[in-house]
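First up is the structure itself, then whatever we jot down about it.
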Amino acid sequence: MIVEILMVLFLSVGALFFLIGTIALLRFPDVYTRLHGATKCDTLGLGLILAGLMLHEGATLSTAKIAFIIIFVFLTGPTAAHALARATYKHGVKLWGKSVVDRYKDLP
Amino acid sequence: MSVYLVIVLALCFTALLCTYRLISGPTLPDRIVAAQAITTKTLAILTLLAFMYEQMIFLDISLTYAVLAFLSVLAVARYLERGKVG
Amino acid sequence: MILELIVANFPYFVSVVLFLVGLYAMIVRRNLIKKIMGLNILSTSVFLYLISVAYKEGGAPPIRVSEVEVYVNPLPHALVLTGIVVALALTSFALVLTIKIYKEYGTLDSDKLMDL
Amino acid sequence: MGAIHPAVIFFVGAALIPLFKGKARSIFVVGVALASFIYMLFLEPQKGWEFSFLGFNVVLFNADRLSLFVGYIFVLIGLLIILYSIHVKENEHHIFSFLYMGSSLGVVFAGDFFTFFIFWEILAVTAAVLIWLKRDERSLGAGFRYLIMHLIGGGILLIGILLHFFTTGSMEIGGLTGVPFALILVGIGFKAAFIPLHTWLPDAYPKASLTVSVFLSVFTTKAAVYALARSFPGIEIVAYMGGVMALYGVTLALLQHDARKLLSYHIISQVGYMVAGVGIGTQLGIDGGLSHVWNHILYKSLLFMCIGAVIYRTGKDDLTELGGLARKMPVTTIACIIAALSISGVPLFNGFVSKAMVYEAADYHDVLYWMLKLASVGTFLSFCKFTYFGFLRKKEIEAKEAPLTMTIPMIIVASLCVLGGLYPNLLGNILPYQSELPVYTLGKLTDTMLLQGVAIAIFFFGRQLFIPHRREILDFDYIYIRAAGGFMWFCRNPVSSLASGMDSMFAHLARIFVGTARHSPLRVLEGLAGWMDRLSLAAEEASNRRVQREKMATSEQGNVDVKSIDSALFLVALMLAMFLLYLAVKHLL
Amino acid sequence: MTRAKHLVPVLVLLGIGVILTMAVIDMPAFGDPEAPAHRHVAPRYIARAYEETGVTNMVTAVLIDYRGYDTLGELTVIFAAGVAVLSLLVGRKTR
Amino acid sequence: MTTIVIKTIARVLVPFLQLFGFYIIVHGPVSPGGGFQGGVIVGASMILLALSYDLSSAEDRASHKVRIIMDSTGALLFAGIGLLCLLVGGVFLEYGIIPLPMAPAEVRGLMILLVGVAIGIHIMALAASLFLHLAEEHDT
Amino acid sequence: MTKLKNASGLWLTFILLFGFWLVLSGQMDIMHLGLGLVCSLLVALFSHDLLIKEGTFRSLVILIRFIPYLGWLAFQIIIANINVARLVLDPRLPLRPGIIKLNSRLKSDVAQTTLANSITLTPGTMTVDVVGGDFYIHCLAIEDEEKILDIERKFERQVERLFKK
Amino acid sequence: MGIFEFILMSFPILLAIAVVFVRDLLAATVVFLVYSLIMAIVFTQLKAPDVALTEAAVGAGITTLLFIVTIAKTTRREEDD
Amino acid sequence: MDHSPILVVITPFVGAYLSPLLGLWRERLCYPVAVAAALLSLFFSFRLAGSVLTSGTIRYWVGGWEPPWGIELVVDPLSAFMCLTISLVSLLAVIYSKNFIEKELPRGKMTSYYTLILLLIGGMLGVVVTGDLFNLFVLTEIFSVAAYALVAISGKRGSFIGSYRYLILASIGTSLILLGTGYLYIITGTLNMADLAVRLPAFYDSWVVFGALAFLLIGFGIKTALFPLHTWLPGAYSIAPAPVTAIFSAVVSKVGGYSLIRVLFTIFGLEFITDLVPVAPALTWVAAATILVASMFAISQTSLMRMLAYSSVAHIGYVVLGVALAVEMGMTGGILHIFNHALATGCLFFCAGAVIYKTGIRHIDDLRGLGGKIPLTMAAFTLAAASKVGIPPSAGFVSKFYLSLGALEAGEWIFVIVILLASLMSAVFYLRVINLIFFGGDKHEVRRDELPLSMLFPIIILALGCAVFGIFVGIPLQLVEPAVMVLSEL
């Protein structure tokens, strides 16, 4: 029973993080900030949801599979964000006007 | 109505919200970010579906997603950076 | 009444709409790559249709598990798999052609290609 | 299987010709013709070579008296003309003349409409090829028109035959009624040079090479006359058509200055006699018509041989330029005079005999009779003109006698003409209906002499009238050439523009699609999607586009004629919609 | 005038859509287990695929065994596409 | 140029991706997937390599020649199994007839697996080929 | 197929992959296990040089050290995410984004990657580029550049611990 | 047909229309990628895991990549004006 | 058990799979392999024809599964007839390719060329022998992909756009076919054609059937290049290498026509398409329009290849017209015309290719005087052209004769006029060419010498075929007549 409640909790929090990520995606002013919101909140949300499911499933192979999904996502998600951010910058999309500092600009 | 369904619906809703960003842009990276976000949500939905339908085999699909969605982001990034993929 | 029917057969209608959208893209959009995308949408609509045909209320995926009795129809799935591969083949080749056309004419606009 | 079809000899011969060279070929060619001639002499009336095809009998070989009668003259004259044309170096000429003769024999011996039609078409094609063998622009055009006319005729004939087959269920020749009757009549009429359909004849014959025109003068029209005799004996309208042809041909012949064109019109005129004879349809009429075929073939080929010899030696065939040949080419001249006398129906020459038969047959048809008589006068007149201006009048011209291979056949034919006039019964024996030949009666003789006297008088008193002038005579050609040109123009221009026009129309429609899309609710979405693209793309694409434009400017403006893909796709959708609609309507009704 | 002209082409697609809608309405209902598609050929695959082919995934059974020829065809299609791409691209590769 | 991060992640990912592809191929008979999907995934691993490093590193691992050989081999293997059935007296693709010491159904299962592998070999080479050839630089 | 560079790397790869296979497959009959062995071996042969670049034993050690690190990281992520959530939901949207530079002592590929991804995973910071040892990090809310750098250095220390000899 | 299926199935329509109307080809490709993903979910939801797997592997993997490569080699702008 | 039905398809495929391997090793080896594969499938076609004639329709269950469950190959006389036509023309085209391809294609494309051509052949043969609707789709797709690639393979200016247009249109077509197949599947639950024919009558008034019919018809109509859907054809056919074009116009579009026949007659049945829903009459009008319009377009062309391409569009019209008349004579004519036209048009395209090979000429006006230079080729050209025009006693005449009879039998006499008019028009444009070739003077500095034997041989064979089968009509009719029987009984 406690596992169930925990699972529901995990799922709900995960969904909540998804929602936050989405809001971030919609609200934030430029690509870089949106990347923050979208990729990482979502990654966490996914992690939480999958963790909840793992809890529910218990120690079976499916759990391990889900663990692998999480690992993959945690490997690829940030990398994708990183690649995208870099490419966007190199592509010439400027930072948001109200950005405070840009040390990357100095790089030849 | 199971918990899964509620969560899935919530995720659907968020995915729909993401679609706005996907379609309206404004820049290409924005869209890709949105796509990335939708992919993640899709992944969650798929995994939830696997539990909802009690078909653990669906997890394979999620796994495929988890790996393959990465590719196109890389490709687009490469294109944005270098003007070509190869 | 119609609405009810539409609701009951929603996937079919989705496939019809997608079909029209795909066709529309192919006819109206002058960019050759867009046409290929339209073609892909068109074929996906067909796949969706076939998969909907296969669906059975309360059916399980067609992978045999001991206690389940009702499975959805596996045949259309097999057809769609083949169809997807075929669509991939067509798409890849069409894209190569597009590259070649672009190299030859410097444009992908079907109208401009007509004027050349 | 029965006896070998005589056409086969020619076909096989044609196939073997390329194997021979030089002298050997000449010998071979003549040998084949001779063989066929001899073979034909021993041919018995029979039926053979029957095949079952498509539910009817195909009778390739049907020899009865009628067909044998025509067959004899065909092989005979074939032999002589081949001898005459032996000097031609080109293999093609011999091959196609063999095919031509073979197919004419095929027509003659055809036992059913199907076979008849097939050989009929081969006849047209080979004739056209023969015309083309001259290899100059004029003959190309003429042959082309010739072939088109004949193919149209063949097509009409085919429809007729098919309808006939469909209504009666048999392919046998004869027994025609109704629509098929009319169609077949018109179809044959094309070859028989019925009046508004005759233009190919004077168009093509003068433009062919000299030997070819001799060939052509013999087979095509006569085959048609034979066909008329076989399928339409005794149709009044045909008889009158014959009269009209006789008159019309002779009238236009009189006006010509080109020797071969004159002769060509005379073919029409003479064929008119035959058609009249056949159209009258009595046994005498048919016999008259067919014996006129015989005689006409002899003298008309002789005439063409003569003028061919003249062309061979002088290179000229225009009456304005000829003359004074009597001394230079005596044999030719004499042969020509004999032929002219024959064709004019002077007694003691063979033309007189058959004409007399036709007159006799036409006696009961007053108008026709007088038409033919009148034509006869015209004939005489025009041949006075022909011989006088062509050969007899004084004029200095470089020439010498024709070579032996030409003169010998000429002499033979000329003597045959005389022979036919002197001993009409020689021919009478093989006539299909074996009519009596009441030829040399006093009434007829005086009648003829009188008319011819009148004609001579007219000629010598009004000689100035007949001096040949270079001028184009307007015939039906004009209309046809215009029509053909118009059709070609139509295919080249409006159809092409239709093609591109259709294309641009659909492209336009497709663009309208886009237009509609812009005014529809979808636009909101589009706007949503598109309004920022420009920002991000502008800088990058600006340079890209410039490069592109330069590329396009340098690339040659090739004639790739790319058709719009959009329009094609739109057509697909349109067809789909139309078809669905069609089904829907059919279902709902 | 222009508006009417705009209408015509749109009608084409809409016409297709309407008639297809009719067709869809005529179809057996979505998810109906009694539809002919579920009652004629497929039951055998579902019921006997395992005994006959020793494979639990019926789709694979259908794909590779029952309709293996199709799959060979499919393979050939993609093979053809591969060769086609090669034929266009390999010939002029810069070395 | 890609960063060290991308390269490292790709490096780590590639073997797992390949194995996952093989898993999909081999488990075609018992779970979703099969030769085609697995092949695509294995091919995708090469694409990943090409995207994160460069084309030539992928080309080094799976050269044009190797890909063509795999391509043909896969197809030939499938057709060969079909023809083998024909040789041993069955009809084309009648796997059950192949004389192995097993029940016909099991033979069929084995052959289905084998055919799946054949398809997989074919597709993995092809998927990589399609991408690599398309992405290559060409002269016009 | 590349040459066999380090055989032990091959075996480690093989074992890892086979473990992965076991998890994926779940079929424990002979055939599937055998196939798994074959496939793992194939893949290991084909691409062991990709997975394991350093010494085999070291790799194993690092692998084991990763587990506690992951736990710590997860905790960090959650904390950071909550921070970001506050930021997102704040109606005023108090963003002060910017790219800062972190000079790191980490040298090896894997270490740098781990750090970069860890930074990226913690919301509010995202590695934009790694040049040599310099990490360029995009931050959402830079109140004080040094403060953020301090946090990142904490990460760096953790990662350094992972990869120490 | 639950509400979930409804939403899920309307999704592709929206995305397909977006694919048609987005002017930037690369963006259209990205939308198309998402379209494929959603399609895969729809397939899953219709109990066709094989097809979903294929659609995921092909639509999200290969096809999109090929599109991107092509666009990289040609032009990103849909020349429409 | 006779395995010819599957072997006839598999042999070219195996050849195709082998070719790249051999190509890696020795590029020259591809040619003999291709010839061998084509020869083998011709051999199997003959065996098929033989056994169909002796023992009736052959049914082959692939994989040993009985029909509604497995895929069934059905070889009836029509299939055998098509098989023979296809493999004959293809074999000749492959033989012809040797010298032509060496000269015309850039190096390194030979392997691909032979592979693709084998796939094309195998795909077509597969379409012809299959008895399963979905299998039909797959195999159609195989040969289509090969065909698109072969259009583009020369890399000449315009080849890519031609191929692209072909691809886009044809793949809409195939999508429609697949959709139509799905429509049929949902109401009947089967994909087997014979089974469909049995189960379909219960749904004759359903909209689903209409939709399926429309989709299949338009889909195959595009493949067949019926009039408004033909726009892809000239661009594609005129640009491809000549042997490929020969295969294309000789058989590829006929295979589309064959599929149309199968769908209309075998699946929907004679009664449905003529009485219940009069599709066939509608199709006759479409075909008549195809004939006329394409002939007119052909007249207006200046490029020889394009002219021939349009002319082959017209002739596809004849085939469809004949079959859609749905009377015995007409169907005989239509099906016979498949063969006769394949011979003639194959020969014509070979000759056009020979001209290109020899002189590089593509324009009609430049052809002047070639008759003296390559007389045998040009004589063959003439013979084939005569067959296409329908001058008796060529093969083309016989089929047109049958068609006319069929039109009369169906009481549609307007079509007789259409046929004759179109023949006349084709006479116009072929005669123009022949005229120029033989009698148009001499313009070229080429030496008089014939083609290499590998090119001359197919040309001569086909030209002789045009002549021989005009006279010995009975030979093809042996298969055509039972084919018509089978079709009209169903």
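Letters A, B, C, D, E, F, G, H and I mark the chains in the order given here, with residues in each chain numbered from 1 onward.
We take it that contacts are C-beta pairs under 8 Å (C-beta built on N, C-alpha and C of every residue); 3 or more make two chains touch, one makes a residue touch a chain.
This is a predicted model, so every value here is computed, not measured.
At the centre of the protein atoms shown, by the Cα-centroid criterion, sits I.
Set against one another, E-F and F-H show the most C-beta pairs in contact at E-F. Look at where the CA atoms of chain B average out and do the same for chain H: the two points lie 11 Å apart. One inter-chain figure worth recording: chain B and chain E are separated by 25 Å, centre to centre, where each centre is the mean of the chain's CA atoms. Work out the mean CA point of chain B and of chain C, and you get 20 Å between them.
With centres defined as mean CA coordinates, chain G is found 29 Å away from chain F.
In chain C, the residues that touch at least two other chains are 8, 10-11, 17, 19, 23-24, 26, 28, 30, 32, 35-36, 52-55, 59-63, 75-77, 79, 81-82, 85-86, 88-90, 92-93, 95-100, 104-105, 107, 113.
Counting only residues that touch two or more partner chains, chain E has 13, 16, 19-20, 22, 25, 27, 30-31, 35, 37-38, 41-42, 45, 50, 56-57, 59-61, 63, 65, 67-74, 76-81, 84-86, 88-90, 92.
Contacts with at least two other chains are made by residues 2-3, 5-6, 9, 12-13, 16, 20, 24, 30-34, 36-37, 41, 44, 47, 71, 75, 79, 82, 92-93, 95, 130, 133-137, 140 of chain F.
By the touch criterion stated above, chain H contacts chain F in their complex at residues 49-50, 52-54, 57-58, 61-62, 65-66, 69-70, 72-73. For chain F in complex with chain B, the residues that touch the partner chain are 2, 6, 13, 16-17, 20, 24, 31-33, 37, 41, 44, 47-48, 50-52, 55, 135-137. On the chain E side of its complex with chain I, the touching residues are 19-20, 22-23, 25-28, 35-42, 44-45, 65-70, 72-74, 76-77, 79-81, 83-84, 86-88, 90-92. By the touch rule above, chain G contacts chain F in their complex via residues 2, 13, 17, 20-21, 24-25, 27, 32, 35-36, 39-40, 42-44, 46-48, 50-51, 53, 109-110, 112-113, 116-117, 127, 129-130.
The touching residues of chain D, counted against chain I in their complex, run 53-54, 117-118, 121-122, 125, 132-135, 139-140, 143-144, 147-148, 151-152, 155-156, 158-159, 162-163, 165-166, 488, 491-493, 495-496, 498-499, 503, 558, 560-563, 565, 567-569, 571-572, 574-576, 579-580, 582-584, 586-587.
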